[in-house]
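Each of the next two complexes has chain A plus one more chain, namely chain B in the first and chain C in the second.
Presenting the complex of A and B:
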């Protein structure tokens, strides 16, 4: 199968979905690719068929609107599809994709990466105990299947997600043992001016908080989970006051939702040659792109949280900007939309990112025995010893220890490892770039990549000189 | 040492060859500094497939490779050394003929290679395909873990009291009084220099107005996630286009010199899906159960060569007190040994085996 398009969009969340819609509306042939079975991304995730009658939420409504708009559009949707390789050749992009257990190739004149973000969980002692899940991971459970993480849950972490997750657990009939957040009330007060620009979102937050307070759920401000208790499963958590380092209340629980903000998925952009820089207020390392997504690489555009965490609302607006930009660059007439609405939404999103990003006080709660790279079971002591004996970069730690060489490819541990290198070498985190990203973009089933072949047809080059 | 003091020698390039030479000349009493534009051992030394196989070495380099094998065995666990023995496979009559011709010459050059029956092959490696036409075996073959190169040599250099600087790219070389090297970490002075920058030798030598005819191959390596035990020895192919080994942790490393894209001057090479695919196909053909494995990473490394595919090892033509070492086919295996030879030559001693004159005529086979 050979398919050719004007533009290929990777990621069907708010940014990618809207970019695809806008580009198709301007007359481009568009293909939209996503790993999930339906568009919506992480925030506007579709419900599974088993809970289709469940009440709507603002996210499910926004997602349904996007899904129905895409259904009514000329966009070619390729769901349940993984992109494993991207190459620019002969003035076009060639994408290797996996679909129905088969590797296929599609080509496109332009490429929009809307790869979104992943959750960061700062390791603390016991964080790999069964019963601990990410805050964002918990929202995926709620949205997809109304599942709860357990019967009695501690919700801990930074930013607004703790309150959203806690109120969803209550709405779905679960019990929240406590909310433990490193943020202080003062942190939140500082975010209010930026939040005023998005009154609907602000109001929703107020409702979550009011519900939790009415239900007398303990909220520990300026605290972190310092220890997850239990061996085979979570039985409770210890807490610590981050301001005075005193031990806080211990809570019994059978589950813990833990998260420390989002990290942009930049690997594809990085591999295609887009320069990256560290911007804490955008979630860490971000590729350099214009507000409308244009980059220094010909025919390559970036949109949404993959180029900086600004939130779903901003991502949707940026998608429209990017779709219009691509259409104009390909000679179609498209308006130059105003940046103002996007900027206002981005201000809100960045205020939330500022509340969420990883804090050194939480990093300091790890012990020598705390697992940092869970794919390879590497503990903090292993990593600090490697740094002590001369490994001064993320690549050096990776080479020497296999830190980040497991199936996740370092996506989950590299932030924590960079933090350890920075702390130990006295460097700024912006001076510890992430390790070199490697192809394939996702683990690639070898047999599917190879497909059926005849041995005699393999293109065997001339052997090396004797 | 103060900023104005000159080292006896500055070695530009902290891969296996640069570090091995550094250790040798330091042992001979010279003051040494090793400079690398990136991290130590992160070029070809750190990203190759780690195969230590006499069966794929060039006939005329066999004596060097045999010495190299002994040095890797001595380095042992610190570099992930494993002597597993290795099988080289031919899947059709043409390949069988090639295998016979090549391995016979290599045996005459000193490699203990024997041809083995299908029964013996199957007993040793039951997960191999049954479509093997011919196979050879070398008990000396094995592998080491190339990713450990950097950390290994950091330790060796530190233990020997040798200074090294990472992220220290030499951008200009002044020859008015010894050598003055311009780097982002200041000017470094030395009485001698050794260029050991692998695929970056050409632009480096150009700083001294020397044109080295160095080209770079862009070799691709892939690795799978951890798998149950599939193979216990190093598996190769008669054409040399497959090398495969399963590490103790279960991951399977697949190489064979399939070409990626890019040049050293552009920075990093990139993997080409069009060449990774036949490389993986060959691996799956040899071990069908690999079809179920997931590839977690593919990457490239630049392998430097000159037109006759023999090493550059000796004095840099036209520049007194400057030396060059690189372009060794099978350089991972041979590197630690040829570094010692280079060090001896720099110390003014007669090396145990001949070096390879960088000023030779590359169009004639004079080696």
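Presenting the complex of A and C:
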């Protein structure tokens, strides 16, 4: 079954969803592809079928609005669909997708990548212990299954997500053992001017914090989890004061939510030839794109957090800009919306991103014996030894040690490895680009990629004449 | 004690409880919730052992990227965080 569209949108979060809506409204034939069973992305993730009724949240309401708008639109939604390869052939994009255990091909004149973000977690001793999950991972549990990471949870990391996660744990009936954040109160004071532009979000954050203080949940500012205790599962955490490196309070817990900011998912854009650059204020390596998503690659557009962490509000606005741009480029009439609103929302998002800027005292939590590459169980000492032998790039460490060739494809080790290369070689982090991405973009069962075939149908070339 | 964030656990209505098996052990879960959610609640945190050092691993990213929660269903390796609970589902270790 082949399908052809004017535009294919990968990722049905705020950016991709709104880009698809806008493009369809301007008369384009649009297909919207997403891994999840329903649109919403990570931030507006839909509830699972296990939830019959539940109180609404700002995230569930925003997601429901996007889902109903898409349901009422002409957009063709392909959910529970994984895109594993993208190629430019004969002036169109060819996408290999995996759906219902079958590999299919979709073609489109233009392509919008709205691939969003993943989480960076600074490796600390014991972070591979079962019971440690990402902060963003915890929000997936809350939104999808309305379930808890454990009975007694330490919430640790940078930015606003620690307070959101702690607050959701309390809303869903769990217990927060402590909040441990490398950010200081002064870091937050610096973010306030940019937050004033989004008073609703600012007020929500103030409620989270006030509730946690009323509940006497310990909040350790300027601290980090330095060790996760437990072998088969988490039993507690040790903490460290980052200002004076002194040992902080130890907490008993059966779970730890840990995260240090969001990282744009750039692999698809990078693979298709969009130049990338390192912009710390946007979360690290970002592909170069106009505010409306246009790139230097013909027919390719980028939108949302995948081209820089600016947050969900900005992503939704940018999606509309991108959908309109694609429609105009394909000869439809579409307005050129103002950038003002997007810029204001982006200012808030970037102030939140700034709270997660890498800092040496957090990077120093990764000891020589700490596993960095989870897939291959490679420790920091393994990586630094490889760099000492001359592996001066992420690609060299990858080909030498397989760090980045495991099932996750390097998504959870490359930021830490680039930091180690930069520190050891005396380079700027902007001079250590991520490794070359290749398809398959997602793990792919070989049998499903190949599909059904008969051995007799395989073309066998005639043997060469002797 | 004053709560500014209300405990809404009692207001959530969930689907019926069903039984599936993990590594041969019966586990209760709500039909349609993620396997990771049901396994965490049942205390099954250790889902597999890392191939190189045999150390225990469990769900980590919860969004289908890290592959730490890989389990086997119908002979196929799948992510437990992206797979729903169903009655009678047989979930094995990798």
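Note that the second predicted complex is superposed on the first by the 455 of 466 C-alpha atoms of A that agree within 3 Å, B and C clash if a C-alpha of one lies under 4 Å from a C-alpha of the other, contacts with A are read in each partner's own complex, and residues count from 1 in each chain.
Here, a residue touches a chain if its C-beta (ideal position, glycine included) is under 8 Å from a C-beta of that chain, and two chains touch if they have at least 3 such contacts.
Owing to the predicted nature of the structure, the values given are computational and were not obtained by experimental measurement.
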Superposition on chain A - do chain B and chain C clash or fit: fit
Chain B, chain C and vertex chain A (Cα centres) - angle in steps of 10°: 100
Partner chain(s) touched by A:391 [first = chain B, second = chain C, both, neither]: first
First, second, both or neither for A:445, with chain B first and chain C second: both
Touched partner set for A:150, first chain B, second chain C, both or neither: second
First, second, both or neither for A:199, with chain B first and chain C second: neither
Larger contact residue set on chain A - chain B or chain C: C
Partner chain(s) touched by A:118 [first = chain B, second = chain C, both, neither]: second
Which of chain B and chain C A:140 touches, first, second, both or neither: second
Partner chain(s) touched by A:132 [first = chain B, second = chain C, both, neither]: second
Partner chain in contact with A:407 - chain B first, chain C second, else both or neither: both
Touching partner for A:426 - first (chain B), second (chain C), both, neither: neither
Chain B versus chain C - smallest C-alpha distance in the overlay, whole Å: 7
Those residues of chain A which chain B touches in one complex and chain C touches in the other: 406-407, 443, 445
Chain A residues touching chain C - in the complex, by the definition given at the top: 35, 42, 48-55, 118-119, 128-134, 136-138, 140-141, 144-150, 167, 170-173, 207-208, 210-211, 214-215, 231-234, 255, 374-377, 406-408, 411-412, 443, 445
Contact set on chain C toward chain A in their complex: 1-15, 29-34, 36-37, 40-41, 45-47, 50-53, 55-68, 70, 76-77, 81-82, 84-85
Complex contact set, residues of chain A against chain B: 85, 87, 94, 96, 271, 386, 389-393, 395-396, 398-400, 402, 405-407, 409, 436, 438-440, 443-447, 449-450, 453, 455-456, 458-461, 463-466
Chain B - residues contacting chain A, complex: 39, 41-42, 46, 56, 58-59, 91-92, 98, 102, 105, 131, 147-151, 154-155, 158, 166, 223-225, 238-241, 249, 257, 259, 261, 268, 270-273, 276-278, 280-285, 290-299, 309, 329
